[in-house]
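The next block holds one structure in the form of structure tokens; read it before the comments.
Chains: A, B, C and D, in written order; residue numbering restarts at 1 for each.
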Amino acid sequence: MYSFRNDYSEGAHPDILKAMVETNLEQTIGYGEDRFCLEAAELIKKKIGRNDVDIHLIPGGTQTNLIAISAFLRPHEAVIAPLTGHVEVHETGAIEATGHKIITKVGTEGKLTPIDVQEAMDFHTDEHMVKPRLVYISNATEVGSIYNKSELTALSTFCRDHNLLLFMDGARLGSALTSSQNDLTLGDIAGLVDAFYIGGTKNGAFIGEALVICNESLKEDFRFHIKQKGALLAKGRLLGVQFRELFRDDLFFELARHANAMAAKMQDALCEIGCPLLLHSPSNQIFPIMPNDLIGKLAETYSFEIQKRVDADHSMIRLVTSWATKEHAVDEFIDDLKKLW
Amino acid sequence: MYSFRNDYSEGAHPDILKAMVETNLEQTIGYGEDRFCLEAAELIKKKIGRNDVDIHLIPGGTQTNLIAISAFLRPHEAVIAPLTGHVEVHETGAIEATGHKIITKVGTEGKLTPIDVQEAMDFHTDEHMVKPRLVYISNATEVGSIYNKSELTALSTFCRDHNLLLFMDGARLGSALTSSQNDLTLGDIAGLVDAFYIGGTKNGAFIGEALVICNESLKEDFRFHIKQKGALLAKGRLLGVQFRELFRDDLFFELARHANAMAAKMQDALCEIGCPLLLHSPSNQIFPIMPNDLIGKLAETYSFEIQKRVDADHSMIRLVTSWATKEHAVDEFIDDLKKLW
Amino acid sequence: MYSFRNDYSEGAHPDILKAMVETNLEQTIGYGEDRFCLEAAELIKKKIGRNDVDIHLIPGGTQTNLIAISAFLRPHEAVIAPLTGHVEVHETGAIEATGHKIITKVGTEGKLTPIDVQEAMDFHTDEHMVKPRLVYISNATEVGSIYNKSELTALSTFCRDHNLLLFMDGARLGSALTSSQNDLTLGDIAGLVDAFYIGGTKNGAFIGEALVICNESLKEDFRFHIKQKGALLAKGRLLGVQFRELFRDDLFFELARHANAMAAKMQDALCEIGCPLLLHSPSNQIFPIMPNDLIGKLAETYSFEIQKRVDADHSMIRLVTSWATKEHAVDEFIDDLKKLW
Amino acid sequence: MYSFRNDYSEGAHPDILKAMVETNLEQTIGYGEDRFCLEAAELIKKKIGRNDVDIHLIPGGTQTNLIAISAFLRPHEAVIAPLTGHVEVHETGAIEATGHKIITKVGTEGKLTPIDVQEAMDFHTDEHMVKPRLVYISNATEVGSIYNKSELTALSTFCRDHNLLLFMDGARLGSALTSSQNDLTLGDIAGLVDAFYIGGTKNGAFIGEALVICNESLKEDFRFHIKQKGALLAKGRLLGVQFRELFRDDLFFELARHANAMAAKMQDALCEIGCPLLLHSPSNQIFPIMPNDLIGKLAETYSFEIQKRVDADHSMIRLVTSWATKEHAVDEFIDDLKKLW
């Protein structure tokens, strides 16, 4: 049974494990102020091409979202997010648990446009309603799409013109940035958003997301918030060693490129046989719509998520690839699929 | 520069790292439902000697405290804690951030007695004040002391008689249970408290605390709370593999025993030279009171925390040992100390 | 300029003011335990026909919603509400500020059906999402419609079958219960929901909502929650005296009947001239859709809310009547409308 | 049975009731934007002697505390309060329920000095602890003492030098400002604190506290916070009419002066007979320490609070006077006391 269920089915990339082993007995101070964390932050800043950003390494994505958003907002301020946004759908109300409403817009292919945000602004007119203040987007999105430079620039300009913060959930940023359709760099993103994070968990690390705070006014006292939410690891080095390895050379991008290539191979095959897709995905998640009996047969050999019923006979599934996806497994899947189609 | 600063200066015990390497490429499902987490939970239950407890593996201690306490309490209910309790002093208001007041009592050597709790109850008389509902204790405490069976039994009986929950922070439970003065077993604790946790971070793991919920009424929906607070790791296996290794045989206890032995050796030497101590510690933290100039000289070779000024010429420092503390470093420290005294 | 802007434009009904004057210098104990509050609670219980409900008098509606909902739910539990629900739209995120997500369903004419609730349940499958636990409805709704007995019974049965609490916002319950289309009694409601409130502010009182808790399991310690949210008035008598007056005889219902009659008169006239309506309202709020220039002319003499643009030339306005609405003002409005139409 | 239990035993001053009756049927807009609220705000600003402060009328004291404090602080910031402070003792954890820790200092006679605040600052050294940010004081305090100009100036200077906000709970500010020992004006206070409130509930109003925000940076969006916490009354006029009456001429001060005079008369008599006091109170609350059997006899004719046991035979009681306290009742109490002593 091979799993295409998600991009966190395996442990960490061997180079990362090796670095963990090699540094294991070195004594460091705790709570993310060790030399590994500092070096990782420097390496990330270098890739971004800016020294004036703050980097914080945080164990997980939901945690990063809830810490950043609750640190950035005053009590009456709200988040605008796409209906498919992770904060809205799959975080057990983590944002609301910190006191903030999420205003949702349907969006397009998991993405928000200035028009969506404008509508949310128009609806919220006075102190009887929350005040929209932060726009949450994911790149890649939860349905596999990515923002191109022109889309992100438009959103960024709109947000700055309307005193809105722009926050990018980058749990799958590696996949977005190495997509064949991508025209954004880390530096571009840092210039266009107020804060974003670079996802490690879904791109080769055991755990860890690197939050990048670009907006000067959001930086103050940020470590207090990490600690208060229980995310300041005593052995912060665990995050530092991993991100140092991912960004020492190009490992982070190489791993994502592999995941994308594996997904593209599967998607090409699906297109070839005429299987409909939710959208033509440029990243490491693809969403084919298949007959239920075919899904049943595939499920005997492969593990994946059934996302939703489309009609009486068809459902949409999710296939996810990762840095660890083996090409021969992809090839076998394609063979099996073609036989069963 | 050798560090006695804390018990999280190094990475993980080599056996744990080895297990991480060996299991690394096995595909598992996410979020703590993988076979490693399940096996770890079974092993822990076996050590406790009970099957009717729930085990949840959570990355860190502050996180475990805030998740458990906020899950267990209704909005108007409060925690009773010793003035030195970790939740009161060193969690950046994490408990209050979930909405709950902490009522503090001075206690004795970091511990609470039924009399302390009774006083807190007596003071809170009606709906104009919070309702005390959960008694928080640490074992070992933040000042190195431990609860013996008779103390814990007295507290447990009092809590049950007064409809109070008893919660034990076990960040250093390994050290407590392997102390020469200990007469409690894991099974005893599970029978006396409503919930407690077994600290991995400070006893050989990279990260991880194993929360044990003993009280049936506190179990329902607990995973929702872990997820909402951002503590449900996608690669939950990271916790499972570590705790499986710690509890497969007796590694957890062996590591703690070593830490205690190293601390005892240092404490014996301190007593021998007549250095005053905050208390005669039975665990892996010791708190000698020393002349400031001696402290300054020791600090040239050793790293440790200066806890507080005692008078114009003396301060209290904290020396902490761990599973990784090298005996020769302890011996050298003792030699140096004797020379400088 | 006569105002049809809302049902809280004037002070309190003269009988209430008179009672306030008469009882003014009597000394009472504070915080809602005075004899007026106790008598008011008894009178309300008598009207409901049950002694086994708890009555709490709370200053305002948003406050009642947030206190009750946050007291009833555990941290991971969520509210299901119609998209037009007051808690969703007009409370500045008050519910989220207590930590709980609101799941919205479009509903029908401001009302929820079991099908809506079932859909919300179906979508929330596991601990990665909030757990739907409380169904929030308003009667009368924010768009003027009311629940009939069969609708409320269906919803109540569904909720009980699915372990959901049913909570009714009764800010305009007087108008609903005295509507010509109503077939529910206070007793019926108490039998069908877990908690509801009887709105005083919008039906003749200066301030005050009477929360009725019917479900035994929700009663414990409720006054703690009122106090914690700042709603336990030192001079609780202010609420007691008012509700005693409203429920001593039938004043509460008489006032609501008058408001409904005035609204019906306006609505009949609107129908007569062929003015379209959002819905044929059975209560004291009506929502005609009118040409913008007509609205502009009416606005020279009458005050009312413009709710939203319908198309380039038309908008929907809201006309609200109350216990204090003068019939001659309604007549003049109708005359003016007919002239301008 | 005459009550000296508190200063909210009666309704509102007759002039206030009269104003409520006279303005009752005037139509106004809702939510505190009516002409009465605006006029009240102007009158208060005039008494303060400044136009650059924001005035918000809020129903109750606990509510004002929790709204202001949660609006002013970021999530990791904490309050410093005296151990006897209302927010610490008698608000059912209202401040913690908004997420903020209260750091307590014993203080002196219910008051804080710069030394107390400095100690709290010294203890909180880094991001593992909350960040002290707002100093909460009450004037008059909960034990009847008041701040003089030099004390308040010292505290204010310290706070400004240390980036701390200074907030004054003025539930009994009338009594403080009209005390024979007072040398502060409303204008002085506005110049020394960042925000304070003028208590109406305990000085002649039915409900209502007038929050005065002096610090420009705390003003933005404040009405959102009032609404979110459920304190924006639909019939905001209820507060406006009352405060307009209290501050139209000098009613607010006259009422407080009467309360103080009545308390002073009782206190003088207590001193005369040699009854010990908690402190010589300059305000409307006095705290005599009496033999238990005497207390028992007094309690047959008078209602008051027994605050705490002092020793086996003595307890401390609290006697409170108000605008409504009748002088002949005070005289009778003194007579009875002298007979029983």
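Methods note: contacts are C-beta pairs under 8 Å (C-beta built on N, C-alpha and C of every residue); 3 or more make two chains touch, one makes a residue touch a chain.
As the structure is a computational prediction, the values presented were derived from the model and not from experiment.
S.K.: What is the chain whose Cα centre is as far as it gets from that of chain B?
M.R.: Chain centre farthest from chain B's centre: C.
S.K.: Which pair wins on C-beta contacts, A-B or B-C?
M.R.: A-B
S.K.: Take the average of all CA coordinates in chain A, do the same for chain C, and state the distance between these two points in whole angstrom.
M.R.: That pair's centroid distance is 42 Å.
S.K.: Could you grab the centroid distance between chain A and chain B? Build each centroid from C-alpha atoms only and quote it in angstrom.
M.R.: Here chain A and chain B have centroids separated by 33 Å.
S.K.: Centroid of chain B to centroid of chain C, CA atoms only: how many Å?
M.R.: 50
S.K.: Which positions in chain B are in touch with at least two other chains?
M.R.: Counting only residues that touch two or more other chains, chain B contributes 75-76, 91-93, 97-99, 127-128, 130, 224, 227-228, 232.
S.K.: Going by the contact rule at the top, pick out the chain B residues touching chain A in the complex.
M.R.: So the residues of chain B in touch with chain A come to 2-3, 5-6, 8-12, 14, 17, 20-21, 23-30, 59-67, 91-94, 97, 201-202, 206-207, 224, 227-235, 237-238, 303, 324.
S.K.: Spell out the residues on chain D that touch chain B in their complex, using ranges where they run on.
M.R.: Per the touch definition, chain D meets chain B at residues 75-76, 78, 89-93, 96-102, 127-130.
S.K.: In their complex, what parts of chain D are in touch with chain A?
M.R.: 31, 70-71, 74-76, 98-99, 127-128, 130-131, 221, 223-228, 232
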